[in-house]
Each structure stands twice: as C-alpha cells, then as structure tokens.
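One structure below.
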Amino acid sequence: MVNIGLIGAGRIAHVHANTIAANPNAQLVAIADPYQPAAQELGGRFGATVLSDAQDLFALDNLDAVVICSPTPQHPQHIIAAAKAGLPALCEKPIALDYEAAKQLEKDLEGLNPTIMLGFNRRFDPSFAAIKALVDRGEIGQVEQVTITSRDPEAPSPQYVATSGGIFKDMTIHDFDMARFFLGDIVEVFAYGQNFDPEIKKANDFDATMILLRNANGVVATIINSRHCAPGYDQRLEVFGADGVLNADNVRATTVELSTSNFSASKEPYLNFFLERYAQAYSNELNTFLDAIAHGQTPTPNVTDGIKALQIAEAAQESALTGTSITLS
Amino acid sequence: MVNIGLIGAGRIAHVHANTIAANPNAQLVAIADPYQPAAQELGGRFGATVLSDAQDLFALDNLDAVVICSPTPQHPQHIIAAAKAGLPALCEKPIALDYEAAKQLEKDLEGLNPTIMLGFNRRFDPSFAAIKALVDRGEIGQVEQVTITSRDPEAPSPQYVATSGGIFKDMTIHDFDMARFFLGDIVEVFAYGQNFDPEIKKANDFDATMILLRNANGVVATIINSRHCAPGYDQRLEVFGADGVLNADNVRATTVELSTSNFSASKEPYLNFFLERYAQAYSNELNTFLDAIAHGQTPTPNVTDGIKALQIAEAAQESALTGTSITLS
Amino acid sequence: MVNIGLIGAGRIAHVHANTIAANPNAQLVAIADPYQPAAQELGGRFGATVLSDAQDLFALDNLDAVVICSPTPQHPQHIIAAAKAGLPALCEKPIALDYEAAKQLEKDLEGLNPTIMLGFNRRFDPSFAAIKALVDRGEIGQVEQVTITSRDPEAPSPQYVATSGGIFKDMTIHDFDMARFFLGDIVEVFAYGQNFDPEIKKANDFDATMILLRNANGVVATIINSRHCAPGYDQRLEVFGADGVLNADNVRATTVELSTSNFSASKEPYLNFFLERYAQAYSNELNTFLDAIAHGQTPTPNVTDGIKALQIAEAAQESALTGTSITLS
Amino acid sequence: MVNIGLIGAGRIAHVHANTIAANPNAQLVAIADPYQPAAQELGGRFGATVLSDAQDLFALDNLDAVVICSPTPQHPQHIIAAAKAGLPALCEKPIALDYEAAKQLEKDLEGLNPTIMLGFNRRFDPSFAAIKALVDRGEIGQVEQVTITSRDPEAPSPQYVATSGGIFKDMTIHDFDMARFFLGDIVEVFAYGQNFDPEIKKANDFDATMILLRNANGVVATIINSRHCAPGYDQRLEVFGADGVLNADNVRATTVELSTSNFSASKEPYLNFFLERYAQAYSNELNTFLDAIAHGQTPTPNVTDGIKALQIAEAAQESALTGTSITLS
C-alpha cells in the first residue's frame, strides 16, 4: 500500500483523490492546501490528514509519494521539495509557468536523482495507448501524419482564462505531448490562434487554434483545438502510416442509437468532461506511477517531457502572435 | 444487344424498363399491357412498340427475351408462353398465385427446357451477394444462424393490400428466398402474424410478422418484417457462423453525420424505397439474366426457387393462422 | 454503510464481492460456502468472516442484507431464510430449479413480506436501461418488435453444462427477462433448440436456440442465443416501435479502428466476458438494491419476475423438445 | 439533347465520356486529340466524330458545348476558343499552368461573356454537397474550423509526377477549392511538404503535405494530403461550427462488416479510385453544367474559382519551399 500526500485541493486534485481512493494499492493519507475549506472537505471525505502548508506535508513521516496539484507557478518548488524529501512525485501539467522556469527547475534537480512523473494523462487513455502499442508493433509501418482533434465542451470562465497561462499552455499542452508521443522531438511549429469568443478575446487569449508541428524526419502533426464543442468533449486521434491508419473515436456512455423518420443511428453526445472521459486514463496513469515506485524505475512521461511540451507551447504562442513559423532549438 | 419485351406496365415494370435502358447490352423493344395509358407512357419513353395483349408480344419476331411483370395470377401462362416461344424469361415474384398453381406450372413446363429466372433481386444486392461469397469462401465457417430484417417504410394502400396475396406472398417471399440463399431447403416454419394497422387488419392481412425457419441440418433463420419503419426501408442481414459473423447494414444516400448539443453522429434516413435501395441489385440481376442467355445456361434463382419460396409463404400463412409449426414436405 | 453477507464463493460470487468492495455504501462482512478453500480465498481478500454453513451466516447479528449465490437448488431455502431473518436479499438467477419449486417458494413467502431482488443484471446495463427509459418516454411510440441477440464467447465445460439446468434456464433466462422488460407478460413461446457442439449434445442440452415470444397485445420478441461467438460476448438489443427504432451495440474496451490495404475501420473484439461487459450493470444493480433497502421499497426485478422468467424457460424447453408452440397460463 | 464535343482522350476524358453517355440529356458527338489511337478508341465507343486538332472541333456546326480535358498548358487557349465560338465549356482543373497564365486568361476573356465551368467535381459529391447545404441552412451555426483529408490510394508513376505541375497544383488543388467552398477567399497559407517516397523526391516533388489556410474572418482549414493510403482513396471532410459538427466519411462498395475472433465489424477498403468514388459527383457536375446552359446562367465553380485555387496552390508551394507563411494579395 502506497501512502500518498496530495498538494492542492482544487478540481484536478479531486480527480486524483478519487483515483487514489479507487486504487487497491494506494491510499490518500494527507492533503495540503492553504484554502482550508477545500482541503478539509476533500481530506475529510477520505480520512486524510489536512494541512495548510505543503512544507508540513513533506515533513510527514508516513508518506511514500506525493501528487502535485498546486497552482502552476508552485510546481517547481513542490517538485524540488519532493525530490529533496526522497518522495516520488506525480506532477500535474504544465510543469512550470514558463520555459525559463522549467529549465531552471531542470538545473535545480541535477544530482537529486528524483522519481518524477508528469501528468499527461492522455497517454494512458485505453484507446490512445492501444494506438501507440499498435504503432510500436509495426501494424501501420512508419508514421507519416498525425491528426489530433481536441475540443472542450464549453469555454471556461473568464476568471479561469485570466490565470490559465493561455490556451497553448493550459489546453493544447496535452496535445503537444500527444504529438511528441508519436513524433518524438518537434523541430518546428506553426499556429493560427482564433478568436470567436469575445470574452476570451477580452482576456487576451485565443479560444481556438489550429497548429502544424514537424519533427526532424519530416513527420507532421496537426492539432485542432477549440474551447467549445456542441456535442461534448471532442477527443480524437488519427495516426497515418506507410501501411495503414489507426483512429480513435470519441467515447459515449452507452452504445444506444436512435432512428426516427428524420434521422437514423443517432448517438448520444460525447462523455463530458475530462473526469468521465479520462477516468480510466487517470487510473492507468496512477498505476504506472505506482509501478515505477515499486520497481525503482523512472516513469514516463517525465520532467523532460514536461519541459519540451512547455517549450512547444511557448513557440506556438509566438507563432500565433507573429504569424511566422518557429524553429525549436 | 438483347432485345427485350416487357409484359406489364405497372410499378415494377417501370423499374425493369429503367434498368434495361441503362444497360449497354439490352434494349426495350416492346411492351404489352391491357391498360393502354400506362403501356403507352412507358413504351413511349423508351421508343418501344406498345401492345395491349401479351400474346401479340410473344408473336413479335425481333425479341430475344421477355421480362414478366404481369399480375401474379398470369405469371404461369406468360412463363409457358415464353417457354413455347423459345424466349428466355425473367419473371417477377411470386411465381404464381399459390403453390398448387406453381406445381401445375412446373408440370406444364416439363419437356420445354426453358430458360427462366425468378426476380428475387435481393440475391444480387452488392452487400448480400458479398456476404454469400464470403460464406462460400469459408470466411465464417459453417453457417448456424441467420437474421433477416426487412421492413417497408410505409404501409401500402388498402387497395394494394386487398389484391397483394397477403404479406407472406407479397413481401416476405423475398426474405424466404434470402433464407433459402443461405440455408437451402427449409423443412419447418413457424410464424407470428401481427396486427398494428387497423386498415390492413380490415383487409384480413397482417402488417408485421416474425418468423423462424429451420433446415434439415438444424440451421435456423429468423425473419423480422413490418409494413412500416420510421427511418425508412430497413433491409439488413446477419449471418452467424462457427468462426465469425457477417453483417450488412442499411444503405444511405450520403455518409454525412451531424452532431449537435443533443446528439452525435446522426445519419440520414435509409434509402427509400426499393427502387433506390436495390437499383444496383436490379442491374446486377439483369446482367446475370443476360449472361445466362449469352452462355445458354440456366440462371439462378430459377423456377424451383420460385416454387419453394411460395411453398414456405403458404406454410407461414398457415402457421400464423393456426399457431402451429408447419412441416414442409 | 450496508453490511452484506455473501452466500456462495463461486464465479458469480466473485463478481458480487468485487462489486460490493467497489461500492462506497456497502461492505462485505461475511461469506459462507461449504467449499472452504473458495470461501477462505474470497473472504480473506476482503477481510470478511468466513463460514461453511449458510445457516450460521443468517445467525450473524451484524448483517444488513445478503446476496445469494448458492447453487440454484438452494436458492429457495436461502431466500426463505433471509426473509425469516428479516434480511433483504439479492438472489442470483434462476430463482429455483424449476417452476414448481418457484411456485412453492412463492407460497412459502406469503406473509413474510420480504425484500427480495432477482439478479437480472442486464436491466441495469447502461445501454439497455437507456433504451428502456427512451421507450418509456415515448421516443419510439408503441413497441411492436424486439430483437435480443445474446451469444457467449465460448462454450462452458461439459461439467458446467451437466449441472446447468439446460441452456434455457441457465443462459436464455436473462433474455426471457429482457423480453419481459419490454413486453411484460408473455403468453406464448416457440423455440428451436440447435446442436452444433457434440459435447453439449452428449450432455443432452442445446448449444444454441432461436425463439419467438408473444405477449397478449401481439407484440413479439425474438431471442437469438449461442454458446459461442468468435468475436466475443455478443450482447445486443433492438426495440422497434411505431415511430422509431432503438439499438444497443456490443461494447469494446477501446474505440480504436485499424485500416490496412485489406480492410478498413476494423474494431477490436467485444468485451469478454460478462464480468467486464456487465461491470457497470452489476454496480447499478447493487445500487438499486441498496436504494430499495434505504427507502424500504420493493426492488425490481422481484420474485414474480424470477418466477415468470423460469416459467418461460420451461415452456421454451418443452417447445424445443416437442416442436410445438407453448401457451403460458 | 445537348451535343458535346470533348477535347482530349486521356484518363479524365474517359470519365467525362462515360458520364455524358449515361446522361439522358447529353450526347458525345465529337472528340479531338492529337494522339489518334486514343481518340479513335474513345470516339469509336460512343459513335463520335474523331478529330486530331481541337480547332477543327470548334468549327463543327452541331456542337452545343465542349468539355476540355486537354493538357493543362492548353486549357487557356481552349477556353478562349470555346468562348469565341460561343460554346459553353466545362474545363478540367487546374485552369492554367500557373497563376500568371490564369490571370492572362482572365484578361483575354474580358468582353467575351463566356459560360465557363471549372471541373472541381468534389463540390458535387453527394456527401460534401449535403454538408454545404446543411451549413447554408444554419444547422451548425457559423463555420469555425474545417478539416479536409484527401489521400490517393497509390503514388502515380514518375512520368506522371514529372509533368503534373507538382502536388499542390495537381492534387491539392481540389482541396484548395473545397476549402474555398466553405471559407470563401483565403488570405494566408502555410504548408509543410513531405518526402517519404524517394521516386517522387527525385522528381523534385512532395508526396504528402499538411497545410493550414485562413480567411479574413479567422476561419481556418487544414488539408491533409498523401499520394498513398493503404485502405484506399481517403476522402473525408469535417466542418466544425458554433453549434455543431458535420462529417463525411469514406465511401465503400458495400455495407458488409466481418467479425472474427481477431477483430470485429471490419469493413472493406474504400472505393478506389476517383472514377468510382466520384462517379455520382461527375454526374451531378455535368447536370449542373447542362442546367446552366439550359437557363443561360453562369455555373459555379467558374473561372474565378479556378484562378483563386491556382493562386493558393502556388502560395502553398512557395510556403513549403521557404518555410514561411504566405499572404495572398
């Protein structure tokens, strides 16, 4: 049984708390959040020790690992604290507020030899993971083109947008990691930012984006993002290879199809939202983290994956603002 | 170029006239129907000689074959006339008004060695024919269960029902032939007749039926029929075998799917009605007929297939009326 | 928290034990099975008191409810024991070895006013339950025809078959209940038993069956059963109504589709077997049971549903053996 | 009956000849191609006058219209000749060898008031046209993102590639027109050219490309092209709007699905190649052309559409070669 401490008590912390509670090999023993009502509500539900300061959590002697769900600017300090405490950490994305901070984190971690996993949960989605496995087995030959469609069901609140870091770091970062899952390192990115939502435009952010990314071998991925999608949380993937194509469709709660005189085989909207859509992915992600701990291995995705996704996000932002293609060093 | 004479100028005669006109190897040269307005309209459209009496048509010296679309009671006399004239004939279903008349026809044809094909067009539907070919190639092993779903989009008029011969001979007969396509000879049949439509009940007919048929090896088929279906002309097939399953879905005019906030991947209704749905089947049927003529072969389905489907139809009718299972001799 | 005692430690008992363990409102506190190794293994896993005799379990003072997974012949005695102990019971299907025993049970329960739920889990499958809700809301108008396809992935062992009570009571009973879910009481049944598997034939049982059932209003259901199915556990439903059609397709672990030069959009086999396919149904079933306990209500499906499904099973067996349609009293 | 003269006797000329032959309102009366064996073969099949020089064809007095399938460099001169002869013309894409030649053509046509239609056949595909109609009816609200996937089944011969004008003018030009179908005028384009096929690289061309296009309102389209695709001719469209999404899937010859122990619901490869896939589109295109002639209207797509697609193609080529985004004047 792995005893886990949770840093943060917000929306994504709830996801991890539930995932830990449902896992037979882990238990939530402590939770720290300066906003005590949230910490007490969440901690109380699972019988965990409730703290205000994350530093106190790292000082506990009954922890085996931590899950970091603090605000993004605090990710690096919590990662370093975990590393110094010798605690394996699963940290939510993005790894830091910006690329500069992420590179500084990388330097600060030198010599600490930590076990850190980045929370790019979509790699663990059963369908996307199955596609990766089929690609690795050579079922479609050399990968040539990747199409990632990722649309949220509804725009977040202006408050959320204002502190989100922008669509590329907040939302597309998952898709950048997915692109890297299949293309490896990206050498060039071109992005169009789109503004259909006046509220988001007012917050100086884009509400949609379409992006091209290229690796050194000329393999290209396109990412299609929107902050809204009428039929729900739109999460699809197509990997095109020399010998075949793999597709993952959206997920629905049932297989029911309705046919009337106006239409046929109509399905229900997509699973909505990430909690439902990626419930299995979060569970598999946690198991991978626990496995890595059990076997003393470095889990994937790791700090480097977190840094590189962030680098792409900043390049995409620059591309969208300048209208030029950005080469990654 | 095969010169074809058409007997009848009703709805199904229009289908055949159009199919012949579109075939590069056949042309419609004559048409006979006692109802002259219909005959003139159809014949005029294709530049065919227009006659009133079918006997005059058989006397023409420029015919290579005939297509028989007369009212069902006249099918046997027209088949015999064609056989005596040495003209290959494609005859619409059912082959005769009843099993007794069909057996008499069989006797009357002895020694005439005719080339007669029965118009069970669905054997030539690209999807159903592909399933048959895959079954014959052994792709799913020994066939064990067959499910035939066949629903018309809307109930025919009371006038049509009154002279139709009843649902089993008029509508289900196609499905009986489809069952024989995969099961061969049927030895037993059990049918429930259903009455949801008061008009059809008033005409002493059923508007829906669900049927089980068994062959001598214990392979069973179920037929699901209705005179109406909200999303259109519902024509599906499932063949279940020892090593796999084959399915044919309904056909639509486009592949368009609409997703909104209420539903996702909604398709258009099915192709409506048999003219559109089975356009390719009628074309392939005609080509099979023309091929048989060209090579002096006996086409399939033939007179025996027509008689056996009619025998099953009468047994199903008896089963539905008596509530007992009927064994076929 | 509802404390649950489990009677039996076989395959289906494992399903219920896991479902109880995953439910935040229930816990497994005791398990009884004369075969102690199985009881100890299962009980040990969940920290439950392990007993040999079910009578000892009913004598425990910390139980709130029982789940009955004993061999079928013992179902009635365990139901009665639960009723006498005032314990709500969820009993696996079939309710008894035969209709006579079930009617006797009904009589024995008179005056005990028990809370008994029958384990027809498929009513709680998200897709089938959604179809029922849509039908009840009138989305497709009056139900006219129901098609239930239900095939196991692989034939059970000869040992299992020998004591199973036959395909109708062991396997089809789920489908009889599903038919009743949509048609209500059945008045007539006709069944073909099929024998493709020599081992099962040797055990005097059928390995496949196709069945028609009719209610008093003329609504008909067809059930298509087989003990094997190459692509997996085949569980589908079609409900056809006056104004539309509802379908539920098979369930797969992912949405991945593979396309190569030989085929396109190929999906993985179906979820295999009932544990995976109906995991959510078992969970929902348990919640319904817990809700009924919490609110002092009679859960559905109940003893009467169990008895009526058994009655249909015996009628189907008789029909298959005699070749006649059986009317239910 | 519209009498049509055909200029050219190559692959696409065969498509048009067959389409004309199947149309009840048109007939092929003359064909001109300097390569006489091809002209005689095609003309002979349809009983058309066979000429060598297109100028002789324009001099015929029994023509009502022409279809121009000459080599691309000759398109402008044949369009002008048709305009001067007062003959409506349907011209294959691209409209000219390069943008400069196309603009010169536009100038040369001033005052001639010709009836010229460009052969962007995909606008007439039943699925793509249905999506356009649904968009125009407001079914999905304001269009925001368009995804065009277009892959040929197999790379053309090196000989074809050498004289094709490059992937953008030869293949993607259809997709540029499709983008314009939904976005109107394009103001900016960014393209990655890809090289996986050594033969095509040797011919100084790309064998795949991924492209982003933007209109003045910020609506973006992505085009995904490849010269090969294992499961066949991959032609899909997604139009995403404020209130919904519309998708068109690939087309197959049958609806058959095969399920075995290894996979389920496997479909056949896509229709292969453009002749089969777009047979209905070519037929509808011809009908639109004939309708425009009959009603003295200017058909769409027209010369301007041809010029603008070519302009985008050249910009995409420049973008792919320079790595920069190209703004269209």
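Letters A, B, C and D mark the chains in the order given here, with residues in each chain numbered from 1 onward.
Just so it is clear, contacts are C-beta pairs under 8 Å (C-beta built on N, C-alpha and C of every residue); 3 or more make two chains touch, one makes a residue touch a chain.
On a predicted model such as this, the values are computed, not experimentally measured, just so you know.
Counting the residue numbers used at the interface between subunit B and subunit C, over half appear in both copies, so the two copies meet with largely the same residues.
Interface comparison, A-D against A-B: more C-beta pairs in contact at A-D.
Compared with subunit C, the chain whose C-alpha mean position is the greatest distance off is D. The mean-CA centres of subunit A and subunit D are about 41 angstrom from one another, to the nearest whole unit. Centroids of subunit A and subunit B (each the mean of its C-alpha atoms) stand 57 Å apart. Touching of two or more other chains is recorded for residues 140, 230-231, 243-245, 250, 258-261, 265, 268 of subunit B.
Chain contact summary for the complex, subunit D toward subunit B: residues 22, 126-127, 130-131, 134, 139-140, 243-251, 253-261, 265, 268. Within the complex formed with subunit A, the subunit D residues making contact are 140, 142, 144-145, 147, 149, 151, 188, 190, 192, 194-196, 208, 210-212, 214, 218-220, 222, 224, 226, 228-231, 234, 240, 242-245, 323-325. Of all residues in subunit A, those touching subunit B in their complex are 230-232, 250, 252, 258-270.
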